[in-house]
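The two complexes that follow have chain A in common; it is paired with chain B in the first and with chain C in the second.
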Partner chain A sequence: MFNVTVISQIMWTSLATSSYFVLFALSFALVLKVNKVFNFAQAGMMTAGFYAAYVAVRHLGLPGPAGLVAAVLAGMLAAFVLERFGFRVLRERRASAMFVFIFTLVASQFITYAMTLVFGTWPTTIFESMFWPVKIIGDVAVSAWDVPAIAATLAVLAALWAFLRFTRYGQFMIAVADNSALAELYGIRKDRVLMLTMLIAGAIGGIGMFLYGTRAQVQPAAATELMLFAVAATILGGIGNIWGAALAAVVLGMVQNASILFIPSAWQGFLLFAFLFFAIVLFPSGFHFPESRRALKKMRAAPAANSGKAG
Partner chain B sequence: MDYIYTMIILIGLFVILAASFDLVIGHCGLISIAHPIFYAIGAYVSAMLAKEAGWPVPFAMLAGGLAALVSSILVALPSLRVSGDYLLIASIGFQLGLIELAKHIHSIGGAGGLTNIPSFLVAEHGRLAYVLLVVAVAVLTVLFVRWLAHGPYGRMMAALRDDELAFSMLGRNAIWLKVSVFAIGSGIAGLAGGLYAHYFRFLEPDQFGLLQSSAILTMVVVGGMRTTWGPVIGAIVLQILPQAITFLGLPPSVLGPLQGLLFSGLVLVFMFARPQGLIAASDIWSGRDAGGRPR
Partner chain C sequence: MTQFTPSRRLGLTAALATALLAGTSGLALAQQASYKFGLAMPLTGGQALYGNDQVKAAQWAVDAINAKGGVNGKKLEMIVLDTQADPQVGIQAVNRLISVDKVPAFVTAWSGVVKAVAPIANDNKVVELSVGANAPDISKLGDYVYTTFPLADVDIRAVAQYSAKEMGKKKAAVLFVNNETGIGSAVVYRDTFTKAGGQVVAYESYDQKATDFTGPLLKIRASNPEIIHLQGLVAESPQVIAQARQLGITVPITSYSGVYNPKLIEQLGAAAEGVIATSLAPGVADSPAVAEYVARWQKEVGRAPNGLPYTQYLHDTPYLVAAVFASLDKKGTPVTGEAFRKEMLAIKSFDLPLTGKVEFSDDHTVNKPVYLVEVKGGKWTGKAVVNK
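Right, the complex of A and B next:
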């Protein structure tokens, strides 16, 4: 069972399936970093994205790329509504962190129940079939889904990195993440930056859900578990470090997939909760490589990110 | 008549759950929505002890409450040592993870549910006796929470909620207070679980999921947090309202999500239109203390 072919196959498939986990983790970690919100409503944004793609492809008969666009737009629309009529109102009222937290949870459930009411609890997929043609490369079977999914994830990572690094609004986002009051003093319009962050998170979540929904069955409550995976990755990656979250998502995704070698598949779902607990108990401020300068910098940054939303 | 008795019992159980949850989230300001899992632990432990080990039901119920109390400490201690936010995540992970686990353990019924739980009181003294028992526990819970909240313990909780740093600077142990309040609230929920198990005599893991969480949260938010009667009113209103929908004769596939939509929608409406709930406590939600200073 443990020969090179099996192991390399599992490694490859795990890497491919971790592509959407990376996107969910990016989305969650970005909102946590900039908006300082544990955005549990992300599950709602993701659900909206999936069902938009589902309607576009399965009901309206549009081609796949149109489904992807629909998923992105729906994710962004959900993000817009949440930010404009939820988070902004709460900020203006100076609502406590607990209140904001509960809002994200309840908003997420509201969207989930609304989708359940419309689409039922039966699992569905974006395309008729979720089986993709397979090519054998070396000894490893590579499906037609794997390469585009990994490419899309890498493209999103590169685009986000370039956006944060080279554009004005990307810099604004980092400024607001560091110190929002100071950023405002410098004339940065915080509300706009926070809205932009939510829109980006909604779009990334939509892409992730499109990838997930073309490969696995989705029912309205599925996004909650996918999001909890992102939460575990965000904590392990070190709060405030979005690239760390993405890396942690790859590792967790690979561990979960590779676990099929060691534990019965019925228990695979349970692993997620083990990760979550493990992340909180053992690595509450992220996993660090000791003695590297980057890690020290992160350690100093982590309490700063925490202090904004204590409560 | 049996229907009305059952309704009263359900309302009583939700009063216990809402009041104990208000202690955790309202009075102590601990963010967790995993209350139903402690309800479930109480229910399952009590049911299994009575069914398999032959314990007398009252002792089994108390043991169920104790099991919920101990497990809540195990969840709260590691996460609260880090930060208050982590309690929510750890407790949701614990809740969903344990439900997932319960579905795979066949000796406690698995996903199909645990049946034939020994009954209590009803066979010998009729349903009314059980109604009285539940109502008595509900009244005691409400009075106990009120007593806690208005006494020295309550002042400590208020101080902790308003300014944790100042609270710690006065030499108080914030984590100890949080963990103990969380444990008391969860223990009461566990006791309610025992009361549920030996009346309905059937348990399945899925009934203790997020729908239940949002139901209890709705009762507390709609009724009014940090008030004595808020959770009581919330539990009564929100137990009767879904029953009204049940009478519409909708299929279960529509009924479940509709109830969920109602619960979460009501919380959203109340959060934005009337954050203080039906019964208002003095500015809880605003994030400002009495002096108008942002928290």
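Right, the complex of A and C next:
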């Protein structure tokens, strides 16, 4: 088992399949960082994205790229509805963080049940065929899905980084994330920024589900399980650090897949939760990479308005 | 009293009473002239999609039996009640069937309900026929509980036997989903295959939530099997097969009824070639009666029934019940649950229109033929029938 072919195959496939996990983790971590919400309703946004792509490609007969656009738009639409009629209303009523969290759980289940009523529980894929042809490159099987999926994820990462770094609204988002009360004092319209964050998260989730749904079967409840992986990555990657969450998603996927070389395969699922357990117990505020210590200091320096998110 | 004209009143009352008596005795006669059995299925709730189609199939059968003269000229009557596939509601329905409708036998499905109502059947000595639930412990629910549906391990045994004996495979790998049915069926496959002279060279499982199967598949590839048995769920099985083929594993892959649907071929294309599945009921290609039955669904309902094999089993149950009633009727035995059970076991083997022969064994299971189907040239084709 311990030969180069096996190890490189596991590494390559883990890297490729971590593409959608990275996107789900980005989406989750971004909302957590800026909106300060553990957004479990993300599963609902993801489900909406998947079924929009499914309807576009399978029922309307549109080409694949149109399916991707449909997934992005549906993810954004679900995000818009959640933010405008959910989170914003709750903010105005000064609902507690716990209440907002419970709302996201309810909203997620609501969307899942609604999709079950429409589409049933029979699992399905975006394209009729889910088999992608394979090229053998140096003993490693590389499927026609792998490279575009990795490329799409890298593109999203680059675009998000550039948006946060170079655009005005990107800067606003960071400002609101750091200290929303202060940002408002400086004239940043918080509601707009929070809406924008949700829309971006919805779009990223939609892209992720498009990637996932072109390779594996999806049913209305599937997104919840996929999202749990994103939650784990976000906690491991350091709460409030979106790049850490993305990296953690890759590492988690690889460790989980490579673990088969050392432990029985039945334990793979257990491993994720073992990691999560120790991460929460040992690093209650997330595992921090050296680079992000500055951010932590900034956070500590910020007034008490921010302290609510530490848990 | 003296003011009354009692004679007139009395006359009227007497006439009324006579009429009433005549009416009820007529009713009683009519009751004796028909044979009743119960059917307790989910007609509402989440499982109604399947339950209603199964009831429809059974109703078609009852109508057909009555159109051909019923039970020796007497009407066969089916009383349908809702269980919502919920044990609590099922208990109410079965209590009503037994105490109000006084049926000697009733049919039900969904393992939760089948198990919950079993004590009622046993206590009242009324036969419970379970049609569709396949948990192995259904054979151990008591003297009055029988299944007409083969339990979980029948098809797994058949496929393992066939691989070792008929296909001559010596080395098999087993890949299964890590849940109760996956683990249980994998053990059955391993034991049967080993007993038949084969060797299990890899025995790997994956988590129910897994989205990638490279690891276990590479382990299996390294073990060089001649055949792979996959015991997965409907949701991930196609992807497991796709990944196996992508990793260059070309040996035949056997599985069970879960993968037997046309979608698998659409989803996998050429990668589906050589996949062998099982079916516990003959398909459209195996039997003209089934082809006719499916055509009737298309014509009258405009679609194929949900869970086709299950509706086939439900469709055939009234025929079994009618055969028992007919035999009792011929002998003039009063119809009780006890007599029904005795007669059913005495007949033992029934030839049914859509599911073929069914034979009750002493251990409360049934032995049924298992249909093996294989993807060949982009189509599901019949491969063999085991336990004919």
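Keep this in mind: the second predicted complex is superposed on the first by the 269 of 311 C-alpha atoms of A that agree within 3 Å, B and C clash if a C-alpha of one lies under 4 Å from a C-alpha of the other, contacts with A are read in each partner's own complex, and residues count from 1 in each chain.
By our rule, contacts are C-beta pairs under 8 Å (C-beta built on N, C-alpha and C of every residue); 3 or more make two chains touch, one makes a residue touch a chain.
Everything numeric here is computed off the predicted structure, so don't read it as measured data.
In the superposition on chain A, A:Thr17 makes contact with chain C only, while chain B stays out of contact range.
In the overlay built on the shared chain, the residue A:Val134 is in contact with chain C alone; chain B does not reach it.
When the two structures are aligned on the shared chain, A:Asn257 is found in touch with chain C, with no touch to chain B. When the two complexes are overlaid on their common chain A, residue A:Ala266 makes contact with chain B and with chain C alike.
Of the two partner chains placed around the shared chain by superposition, neither chain B nor chain C is touched by A:Gln171. In the superposition on chain A, contact is made by A:Val6 with chain C only, not with chain B.
Of the two partner chains placed by the overlay, only chain C lies in contact with A:Leu226; chain B stays clear of it. Residues 120, 225, 266, 269-270 of chain A lie at the contact with chain B in one complex and at the contact with chain C in the other. By the touch criterion stated above, chain B contacts chain A in their complex at residues 25, 29, 31, 33, 78-79, 82-86, 88-90, 92-94, 96-97, 100-101, 104, 164, 210, 214, 217, 221, 253-254, 256-258, 260-261, 263-265, 267-268, 271-272, 275, 285-288, 294-295.
Residues 1, 6, 9-10, 13-14, 17, 120, 122-123, 125, 128-132, 134, 136, 141, 143, 212, 215-217, 219, 222, 225-226, 253, 257-261, 264-266, 268-270 of chain A are the ones that touch chain C when the two sit in their complex. By the touch criterion given at the top, residues 49, 178, 204-212, 214-216, 218-219, 222, 234-236, 238-239, 242, 245-248, 266-271 of chain C touch chain A in their complex.
Residue ranges of chain A in contact with chain B, taken from their complex: 38, 89, 93-99, 101-103, 105-107, 109-110, 112-114, 116-117, 120-121, 221, 224-225, 228, 231-232, 235, 266-267, 269-270, 272-274, 276-277, 280-281, 284-285, 306, 309-311.
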